[in-house]
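Okay, so chain A shows up in both of these, paired with chain B first and chain C after.
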Partner chain A sequence: MSEPHIKTISFISRKAPHSQGLAKACLDMVLSNAVFEQNINFIFMGDGVYQLKDQQAPKLIDNKDLSAAFSALPLYDVHNIYVEADALPKRYMTAEDLVVEAKSISNEQIAQLLADSDVVYAL
Partner chain B sequence: MSSSKLHTVNKPALNNDSLVSCLQVSTDQDCVLLIEDGVYSAPMITAAMAKDASALTDQEAELKALIGQREIRLCALEDDVKARGLDPAALSRDIDMVSYAEFVQLVLQYPKTISWF
Partner chain C sequence: MNISIVVYSAPYSSQASWSAYRFTREALAQGQQIGRVFFYYDGVHASNALSTPPQDEFDLVAAWRELINEHGIDSISCVSSALKRGILNAQEAQRYEKECANLDPSSELSGLAQLVDASLNSDRVISFGA
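Coming up: the complex of A and B.
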């Protein structure tokens, strides 16, 4: 039996939550990998930060509410949650509008995370 | 012949030119209705209308120039606004919140409906 192999995997989620399924797909991939106790970076860029907006009411448009799942990320030992610093003010949002504790980081810092990752998914 | 038009826009202005293109070819008495992800433009429109000209970003200034002194009715589908966590009370009063039933009324009211996506 080989030793369990732990990789650093970064997920970049860039899409708004309600118009297509990629936000949910990325979240599902993060949770699946978390179950296997991988070291995960969950990075929200661009319109992806809309996923983390508080006060969402997706039932109004027959969509699933992802925000409960985001709040549960720490239970899956996903603690490294990041948002692209520029993305929030461009969308008239602040860190206080988010349903999770996310670290605001620069594009240079994101580049470093990607360099330090074994695997990167962007969707 | 009345030629007023209803425009629906379903993409956010920040990274898509649908709203700007729509406004560039719209005329007085037209109605622009933000739907789906198009409602994410509402905070930008709100900022554009509220801020001093000197404080506007390039995109806000462009929107303000296109919307400012014209008789174009701006609406947003209220359920799409609320679904995305935006607060209608925090948005510009220049943007009317409409229900699905009112959306249907708008389609009936205007001779033409144009979808920008």
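Coming up: the complex of A and C.
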């Protein structure tokens, strides 16, 4: 780090957890930025909300379980965790199905978060 | 303006790595600075020196290499993404007892901290693919 400073960095994660590696790729980016104490927004949209679903058994398909990492996000000081408001009910899910507390926000609110961010990553 | 580039997709699987290359080349032509190119996820395939496309197709790995070398761009291939996709430098090949190394010398292997650093020290971060 050439200069220690803090930016607001938003991550939009839109993929289901075990179809590709993008969910883990995004999680790894978030954790790296958290280690450097950046101001992070972690936003789950569309199928991305499946990443937060409880009671998964990915070992059955030889995949790594990411749930422990998601539930530990607050320990990394990642507190601004959001889900797209429409995404949960469309998938017959509620906030109680999630492994970590996430605020449900509208697309307008997501747009505002992105407008207020210094850097946005979407994957 | 200081711009960093992130590439998530592999050459030849989608347009993204080619678009990233063309964007980087054009930004430099317009006098912008490229702070860092960071190959992440499938993007690391752009740093595979063994990539050998047919002669009548555009050699994107060679094009990236020439652009990076010509402008002295700081180019990083994410080490965890690269290793699991079989892209190793000599040091990693030795460490994991593999027979050969194939990381293109125009890029270095390093971790996500380099992407955090790029986010903090660039005016813009432009992502391609995913």
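In this text, the second predicted complex is superposed on the first by the 120 of 123 C-alpha atoms of A that agree within 3 Å, B and C clash if a C-alpha of one lies under 4 Å from a C-alpha of the other, contacts with A are read in each partner's own complex, and residues count from 1 in each chain.
By definition in this document, a contact is a pair of C-beta atoms (placed from the backbone, for glycine too) under 8 Å apart; a residue touches a chain by one contact, two chains touch by 3 or more.
Worth saying up front: this structure is predicted, and the values here are computed from it rather than measured.
In the overlay built on the shared chain, the residue A:A25 is in contact with chain C alone; chain B does not reach it. Once chain A of one complex is fitted onto chain A of the other, the partner contacts of A:Q38 are limited to chain C, with no touch recorded for chain B.
By the touch criterion defined above, A:Y92 reaches chain B but does not reach chain C. When the two structures are aligned on the shared chain, A:K103 is found in touch with neither chain B nor chain C. Residue contacts after overlaying the shared chain place A:Q55 against chain B, while chain C stays out of touching range. Looking at the shared chain after the overlay, A:A16 reaches chain B, while chain C stays out of its contact range. In the superposed pair of complexes, A:K64 makes contact with neither chain B nor chain C. Look at A:H79: by the touch rule set out above, it reaches neither chain B nor chain C.
Listed in rising order, the residues of chain A touching chain C in the complex are 1-3, 5, 7, 9, 21-22, 25, 28-29, 32-33, 35-36, 38, 118-119, 121-123. Residues 16-19, 46-47, 50, 53-61, 63, 90-92, 97 of chain A are the ones touching chain B in the complex.
Against chain A, in their complex, chain C makes its touches with residues 6, 8, 40-41, 80-81, 111-113, 115-117, 119-121, 125, 127, 130.
Only residues 10, 12, 14-15, 36-37, 40, 43-44, 46-47, 79-80, 82-87 of chain B touch chain A when the two sit together in their complex.
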